[in-house]
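Below, chain A partners chain B and then partners chain C, in two separate complexes.
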Partner chain A sequence: MTDAATTTPAVRVDGLTVRYGRTIALDAVSLDVPTGSVFALLGRNGSGKSSLVRCLLGQQKPEAGRLELLGSEPWGKRSRLMERVGVVPEEPDAPREMTPRQLGAFCAHLYPSWEAKGYDARLSRFGVPPATPFGRLSKGQKGLTQLSLALAASPELLLLDDPTLGLDPVARHAFFDEIVTELADRGTTVILTTHDLAGVERIADRVGILKDGRLLLCEETERLKSRFRSIRYRSEVTEGRTEFGNELDEMDPLRAKVRGWGIESVVAGYSDERFNRFAARDGITDAEASPLSLEEVFLAVAGEEKGAAR
Partner chain B sequence: MKRFAAVALREIAARRFVLPAAGAAAVIAFLVPLLPGVPGDQADLTRGITALILACSFGLGGSLLVGASVVGRELAERRLSFHFSHPLPAPIVWGGKLAGGLALVLLAELVVFLPAAAVSGQFPGLPGLGLDARLPWAILLSAVPLFLFAWLGSVALRSRSPWLIADLAFLVALPAVLFVVGRRFLRFGGWVDPGPAAATAIGVLLAAFIAATFAQVVVGRTDARRGHGAQSLVLWGLLLAATAGGALWAERTIDPGVGRLVRAWAQPSGPNGDWAFVQGSARKDGAGGTNYLLNLRTGQSILLPLGWSATVSADGSRAAYVHVSPFSKEKIELEAIDLKTGDSVTLGLPDWPEGVDLTADGRRLAVVSQGLCSVVELPSLRLLASARVPSSPWTYEPRFVAPDTVRLHPLRMLRRSDGRSGPATRAVEDPEVAELHVAKKSVTSLARYPIASIAIPARKQKGVDSGPTFILLPSSDLSRVLVVGFGTAPSVRLLDAASGRVLASVDGSEELGRPTGVFLADGRAVVAEPIPEGRRLVLLSTDGTRISEIALPAGTSRVRFGSEMGEGNLSVGVAAGKSTEANDWYLVNLEDGSLRPLGEKLLAYRFWPSGLTFPPPGSPVTHLAFDTDQRLVLLDPKTLATTPITRGRPAGK
Partner chain C sequence: MTPRGLHVDPRDAVPIWKQIEEGMRRLVASGALKPGAPVPSVRDLARDLQVNPATVVRAYQHLVEAGLLAVKRGEGTFVADAIPSVPKAERGRALADGALRYASAAVTVGASRDEAARALDAAFARLAPSKEGEKK
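So, the complex of A and B:
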């Protein structure tokens, strides 16, 4: 990643708000996606991911806030921007009667730089029959066809809206492999919304989590994973306890459960120093910290309210 | 252009099965004439009609199906995003889909229709039907608005947005508004050339449809609800704006105001001296007609439906007006209008009435129609009496002698039993004058007027002999009758109305011409008598005595009587030679016999229906005149100054 790339974000969102009638889909969301990064936007259904994607694609006009995609405002410059953006939608939206070959021919008219050979090669690699109407392809083949279409235009930015939804493990694997290859080859910026957290953990270097239209967090994956930990310990401290104890407050506990053997908690502010201080406290015994997967972090952040369970 | 073509061709390719189906239908058109029972000489016609019907079916079905699916279905299935996630500007998406969808539908129609039309040798028309060659094209092109309608309807129904309620409301409201505007337009005599009007309406509708589909795609993009909102706003905004514009135009056309009339004609309405019936057009070409009752003293005007003359009661409280129903030319309506409130009641009549009269207070109305005199109370329209008028080849004019007594005055002899012009087919009969007693509901005969005994000189000139005919003008108090002969009857007689006795006679001849005359408000009569030098006016007293004779300019061949403009002045128009127009107008002082030229001012002359009414001499209606700019003006007989009433048309423009 170059200095210029890190200083000029591919996507800049500032105070973005989208409403559908009385429902707030996005509530003053602000985030940056650095050029060349792979940004995974996570959230439960209805959290606002698709609204943000539609805004990025210039298909939805925000009610408030500013949005820049590759330096341009997507609503007004959508058509020009789409020459530089590859899109794989959540639901395959290519015309059902067109074969992958016809889709390629159609798209070749739309892009100044269309890699017909690369497109055909990808179809072949994915095992997509080029002469079968799109409507008759399997869900995995549809997704891979759309990914092939998106990549054939050599995009600067790839926008994938839950592209592996409903795909079998083989297709999902092929999908992510292709993205990894694409990243290695071109340094394309990727924005990805997905529920496949295991898959995305391999490739995402930046993560944002949306919940009820609000952006709960947005940071580098490694940093995120480094500050989340599962803490297990026994506690003999009985005085001055809050609902589930204040001994973890320094590490920003998200939840704690009292088990028969002791206490299990997830913290969002872990560091070795803080943990050592915690473990050295009177009454704390058998303390141990274990890292969390991205899925566990997501569940901890987006799944339940802080302190909701013990 | 490449992108536009790509989108358009994709729309066609997506539904390409339509074209082979159209080809099969084209073959069917050629097979039908081979069916048993189809005459061989009708093969072309059968093939042409079959092809047209099949083409229309393809057009109708195709336009609805393709129109509904071209965007609506993709929106509902969330597949329109395919276009918007590629570098396709929204106008190209819209234009490509519109062009592709329409091209497919029209192409399918042509595939069905053209082979049969071409083989018939009367491309593009239909042989043997005598139809305008443009008609098949018009039928085929009707697929265009249907396609757009289906597009809009499909988006509206699939979006499930609250705008659907607005759509339905406007869908009901707009035709209702058009109906109200159109009804008023027709009722008050608005007229437009149907061709350009229909073309304008279709053009506006198409423009609104096209603009709405454009807004739906460009503003809505992949959001069905937002697209529906945009299309509804544009569609109804444009249609409402056009309707409002049309309504304003219609209102300006039917009610431009008396002052804006370019061409106008006016006459006194009944015995009241303030009200005039004004008919005219605000357009320079004179097209369209607007009728008003105009109070010359106050300026008050009342817009009237398209009709003929109006009668105002002596006290100026009520008017009776006959007009044709705006929705059925067979239906005649008599409207009684309260001139203070503008309220009116309408009485349906079986035929155009022979005559109408109001009592002095406007509370009763007498009307003669189809040989029946009816008296009704106003405004309740309660029938007070109804009786047959005397049977004869005369039309009868009702005149209230008193609120309870109606004089049935024989006015005009019908020369032919069929009512048409041409040689007379009836012999002259002495008409019977009678009175209807409202309370008793009975008719009493008063007298017979000796018309048949008027000598008719033998005709010397060759040509169609239309025979003699007569108009009987009653004096203001109904005590005297002036018999004015027409056709081959060059005579005027002054009769005593009660007895039918002849009080005075003025005769002309085929060489000198025929006399004519009118009553003055005070019961005296003025007759234009033909003499070798031209014409002279003869003033007759009520007992028939010649009071005076006033010479008119030498060479006068025709005389028209104007109005009694007060202080003994009567306006008279004269024409010389064979001219039928009264070119020169004079103010004739009947007391001292002097003539005062009125210059270029053309006075509104009295013609026979208004010769039956006697507005007070010098009242505003007697001052009605036209100036050289064709303006209706009020003429001051003393100073000859004019006050314009209408805009007119300045000379040379």
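So, the complex of A and C:
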């Protein structure tokens, strides 16, 4: 809150490129994640999210570009950095035969800052049976156990790889509750990849959208949502379903569809003044602008073939 | 713990911190939150609304600066004992601005003056239920 601009970002990525054979997984991706912020990395399967996560975890050596996690390059320093980073992997990866209680006792030896009390308290708050082998827990219980393990090490950075995938609404609510509490109490930096756009919409400060290895956009959630709108209107010029004109150009339309009742478009450069100018044009009637949810913004930007979002 | 009538809608075009700020202002103005009454901690409100705590901090900061909330060290955040009244000029301007925005929205959808007035009444009823309707 105080001097966010002057502190070092928790993560700094500059021109990061990853290639598997001839396939480009990440294409010169650059982004910063400010310390104490919540960054949601969005993208369809195969967009490069997992490659970026693997680079952050020091599991993948980038072909080009720079990557700093808490001030140092993760590649080659994996074990030392992981003391400071809590990870909740997409696929639960704890040994199946160990119980949550045994997992806690095991991890306590690995992390100098282990909080055993917090771990037990979280498990009971989540209703996770502490003496049942991990492999026999439900998907939600596994996820919540992993979160408890990650948080008990008091991480500076929390990396969540699609953490709510497959969780029921109750488990998801508990999951986000815990993240919010952690944020309030310790100001931990959080990076998460997710398909649960409605869930992160209230929590993420910043959003990045990847498509085909490129970062289409990366900006504050609030700013993103303020510049995207769905615009509906009728135009005398387009009555005959012919090509529509350039009436929306000033608002940077991503796509426009001619429907029975008129035209519907998503624009990326909305402002009240621009809209009022547009609505007052000759031949434009019934103009209406409605805000988009994060999910709708994502669909408009990453779902279309022409994924341009300047 | 969250005062009744405080909601956020991420789908709304108004930023979430602003929705919280306006919601609090409304609760204070309508008397649902009395002077000196405690308000939820940042942590509790963020949890209840499932929003980023930084968002709540931002809303509270605005309200503290406006003199609507007061922070007592070690005790928490409270509605100010003396709620500053909005200066007359500012009040008039805010009303006129809001009215113009609403009128233009009404004109845009082709609503008549009567229709617009009815919608306004309905909105009042939703935001500030009349005192008679409440239990003493």
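Just so it is clear, the second predicted complex is superposed on the first by the 294 of 310 C-alpha atoms of A that agree within 3 Å, B and C clash if a C-alpha of one lies under 4 Å from a C-alpha of the other, contacts with A are read in each partner's own complex, and residues count from 1 in each chain.
The rule is simple: a residue touches a chain if its C-beta (ideal position, glycine included) is under 8 Å from a C-beta of that chain, and two chains touch if they have at least 3 such contacts.
These numbers come from a predicted model, not from an experiment.
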item	value
Side-by-side fit of chain B and chain C on chain A, or clash	fit
Partner chain(s) touched by A:279 [first = chain B, second = chain C, both, neither]	second
Touching partner for A:205 - first (chain B), second (chain C), both, neither	second
Which of chain B and chain C A:121 touches, first, second, both or neither	neither
First (chain B), second (chain C), both or neither touched by A:170	neither
Cα-centre angle that chain B and chain C span when viewed from chain A, reported as a multiple of 10 degrees	160
First, second, both or neither for A:226, with chain B first and chain C second	second
First (chain B), second (chain C), both or neither touched by A:111	first
Which superposed partner A:288 touches (first chain B, second chain C, both, neither)	second
Contacts of A:180 with chain B and chain C, given as first, second, both or neither	second
Touching partner for A:38 - first (chain B), second (chain C), both, neither	second
Overlay on chain A, chain C to chain B nearest C-alpha distance, Å	26
Complex contact set, residues of chain A against chain C	1, 36-38, 173, 176-177, 180-181, 183-185, 198, 201-205, 222, 225-226, 229, 279, 286-288, 291, 293-294
Complex contacts: residues of chain C adjacent to chain A	8, 10-13, 15-16, 42-43, 46-47, 49-55, 57, 108-110
Residue ranges of chain A touching chain B (in the complex, touch as defined)	54, 57-61, 78-83, 85, 87, 89, 91, 93-98, 102, 106-107, 109-111
Residues of chain B touching chain A in the complex	2-3, 5-6, 10, 13-14, 78-82, 84-90, 221-223, 226
